[in-house]
């Protein structure tokens, strides 16, 4: 089934898909780290019924996976974020709406299915009044959680992509924000993001909304423990921002392993829900994260590629494939439900081995090879 | 000698042979894991006579190797499983007959040499009466052991192969089983397999036959210990089903190392015989498994490739080469007999290192390169 | 910004740059070792102002980086070392002047900016009177420290480079030194270097100058401890001489990790400043060294490539890029200042793994592929 | 100097040289293992005079290296073993004469320089009278030690080479031995070798000669300890027979590390001299073996390639290059003499990591690519 879906996706769709592990070390690590985890399946268990459903911050969903906040979705397809949210709703999974969306918040929330769950991802503005206004609008429009991006005091060096994107359409959500079309591009559209954001601001953010707070971009156990002990934090996303912020940031899955070990050793593993994103492309990747103790994973590019290929139907297909793959992996490991998934079902002893298989003298070559063009735009 | 045999096999035969490590991570791991084990040979021992013979579940055989159950043998050669069993008989090794055979059970057992040993591999039917009938027929026809496949509540995603196979000929053994030619293929021919099979069913299985029970598809020490302590289990096969069930399952040889360590630490290493399959292509691979404590190894593809090339004579040649390679490896390590083989004759300290040497960004490419065609069919 | 600068540099400039990891094992290790270190960034810290400045042996500088002593700078550009020192001065970083310069010491010191810092690198002459004269001239001309090269009792095997270089212009500094144009080249210009130099000579060297002594070329913890306990040593440079002295010398960054661990375990980490050189090409490399406890890093080739491309302006551009990259990496790791940089911000557990990813049978091929030509000369 | 010598060697000579790491796993391991050892050089030591000389079993020699026994030397050059022994004599190093030589023992010993040392390598005949006669002739002709090959109860699978070799010329030494030209080749010329040779035969061998006994082919610490405690053994060669006997035998250098650790822990390191062979191609390789505690290393192919290129002069050039490389490596590590070489001068912690960098699916391809032809013959 999956192979057929992939063949259908060819040309642009599969082109995006196959370029997943593109040109950054941390980006590659996000994928490579999964290759260092193997399964320890259990057999002779009754697998006549298998259920992938779970709940995230109290919202039920069909599987422990959500579509993460991706900026400027209309670059992939005219439907943009609306297409993503339609697919997520039909598949009963959570969609995290981006601040830097190319659709308006009203449009995104308006496209929500009746029983669907949306979260709102927030870049905090230097002008806190604007942030308060935005957060309260998101809550009013029905968003169920607020995911504050904490790993981006400045946006990383993504000149080529951002420059292309910027020429076509500015993001809709922050209409009032200053956009300087002269020097810079990524810097221009993100100049209003506050680099001074820190732990002390969380109390204020909690005070302006009833939505539970998620910290998106935690990267080590020390910060995970701070988050778990913080009275206003309900969940964290362990992530290296898709490898786009700091090169040689560790992979999401490796950080997840460290974070869960630290939370467990302090008895805090149930105080917060822990998600991760970065490099999830297969149901087996998802199962590995669940074995490590993650509550859910976020996906970005795969959803965008589905969107670019077939609009919301393409996104749905990607979600269906991932769910079927997860279900098969659960069957093979002897897990009837998410609750059956155990840490001892994986062998992650090699996870810490940062042995690059790319010779140093090929890194520049790889990093500067031309990227596949986004020809559908 | 071996090089000549290989040259003779060229075109189809060698084509199959060289495509052994084909397109799945766990499949590759089955081979790669052997590359992480090195020998610690003993010298200055009298090697004037070397004997590779052993016994499996009480049946004597010429070497600690059997032909494992491979579905649909006629896809390789018109003789199908009958050719395999003729060769196994002449070489005095065990043949494990498959449930999903393309020859009838009567034909397979009828081709058995006088002093040869056959085992029967079983997929358990949802309709237990059919299973009982099948098992009793196998026993009646002279099979000496019953190998119950425990790692396949569902068959894995093998669309291309199964689709091709299915078009030519349905399996003969389960004549009564429903075969839906519409949607699905692998799913269709295996729809009758019971996903609810579990430890509690073993007692019933033991009650319907006097054949000793083998559990085929154990994948971690926990299940190996359950098997060793189970009153009805006489042997297990440590296997990842040729890498065809769950990707990122560990290699057979790595699981064998774990399982033997666990059995030894519980003093259970003599309670059951432990076999493994997956990736054995050389006599040195076989010797490594014996050093780890395995009683025998199963081979699948090599036998099929021999069959496809030269019928039963090709299978015999493969078996002869493996026996000669094993004998030479034993000579070089200072082992006159199977009983001389010792754990300290290998250095397996690197076995656990799951460091993929395939960069993540090449995995898709490798997995979707065209497979060599089976042109003899 | 960086990508643009690199595009401008193309042809010769970028040619040099991309050939950074050229043809020696230790040279490659200098780069590869950095690939085995990953970051553990801290988030939610106020990053509204970030400062990269520090001081080296009491001299303030804009970042913890200096231009190391590179022989025969005019091979890269007619300005030679004068161009390097101009750029270093304008960027407020230290320049370490080479003994084997192609400019005179007077010219190099004369080009020093008002508030700039220069150090002098010394090869010790068999004729100590000449060394004393040279050292005193350097001090008189305003050099602030004396870096004694300790890893070169003989110059390594660098026949091709040295032969080419030698034909164009002999070094200016050691005017009186014998240069034999017959047999040899590297050997000829370095024949006066004293292979008998040893720890006992340091007291004499300290007696002829008030400049603090730096030992350049320490390669293991034993020698680092000797240096730290030596009354006359104020700093060391951990270095494998760019991989040009002994093949299979360890990488600079790996030696730095060992040396800092040893100094800390003896409580000597504050007795000397520890620098390193070898393979630094990115701001993230620099930050990794600082996390390990290094006080500063030296760069060689990157500065020469900038020089070859655009003269002093090219060098300045290289320095600007490195400073901006360091600043961004500090922001992403949550460091407002050099003092905020902590050992726990990196994961260097894989640093010791000397697993070559270059198959042995490709080493000769790689080592003897043609180097990019230096066409600007 | 070295580069020039190599350029002179090109075509056949360098062709052989670059094909050193040819087609077997253990052969590659012999080279690859050296890549996992790095140096920890000491600096600031008086290196005004450096001496590479040592003694082996009491015989002085110019460096800790000998030419090992290579069968059928005339395949490389008409001079055959005589050319090797002339070069070894002029360079004051030991030559180990092979039983399977293509020159007569009289010719080889007759070509010995006045102050040169020769050892005799022995395959033991099933007919012990013939062995006694041969050993006593070797002693009479002036050989100073007897190296008994203990790792070859049968010769390994080397069909192509042995077949080619055999057609040209049978070995001269064992004139009386039966040579069957029909079936087999390697087997034919070695059929007289006794596979029953064992520890109990050593006493008899010691009784027929006053030459000290060397055991050639020890491969693990257990056998090294047996040898060290044996009253008749004076030295051992740790070796995997150039990777030609058992594939997945460990590399010589790795076995050396294990053997020396075992001898030291039993206080037996001075009871026997320990040599190794396998993969030595550089002076740094040699120094690494000495750091591990080896007394000397043997070379085979490099000498043969020198011989094939320029006869005895080519061999001498190879020896000169290796000595100069060893001298430079000693200078860079701070060793004035062989006695200064210390275990702590290397970092061999990664030596045990058997992580193949050759993907499993390329092994067959590599093993069966055509070898460079020996066109000078």
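A, B, C and D label the chains in the order they appear, each numbered from 1.
Following the convention adopted for this analysis, contacts are C-beta pairs under 8 Å (C-beta built on N, C-alpha and C of every residue); 3 or more make two chains touch, one makes a residue touch a chain.
Since this is a predicted model, take the numbers as computed values, not measurements.
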Checklist entry - Chains shared as neighbours by chain B and chain C? => result A, D
Next on the checklist: Need the most distant chain from chain A, centre defined as the mean of C-alpha atoms.
Outcome noted: D
Next on the checklist: Quick check: superposing chain B onto chain D on C-alpha atoms, how many degrees is the rotation, to the nearest 5?
Outcome noted: 90
Checklist entry - Measuring from the mean C-alpha position of chain A to the mean C-alpha position of chain C, what distance in angstrom results? => result 41
Item to check | Inter-chain centre distance, chain A versus chain D - centres from mean C-alpha coordinates, in Å | outcome: 58
Checklist entry - Where does chain A touch two or more other chains at once, residue-wise? => result 353, 355, 357-358
Checklist entry - Viewed as a graph of touching chains, is the assembly arranged as a line, ring, star, complete set, or other? => result ring
Checklist outcome for this item: One finds touching chains in the pairs A-B, A-C, B-D, C-D
Next on the checklist: Under the definition above, what is the set of chain D residues touching chain B in their complex?
Outcome noted: 25, 29, 150-151, 153-154, 156-157, 159-160, 194-199, 201-202, 215, 217-220, 222-223, 245-250, 352-361, 363-365
Item to check | chain D residues within the chain C interface of the complex | outcome: 1-4, 17-18, 21-22, 28, 31-32, 35-48, 282, 284, 288, 328-329, 331-333, 344, 347, 349-350, 353, 355, 357-358
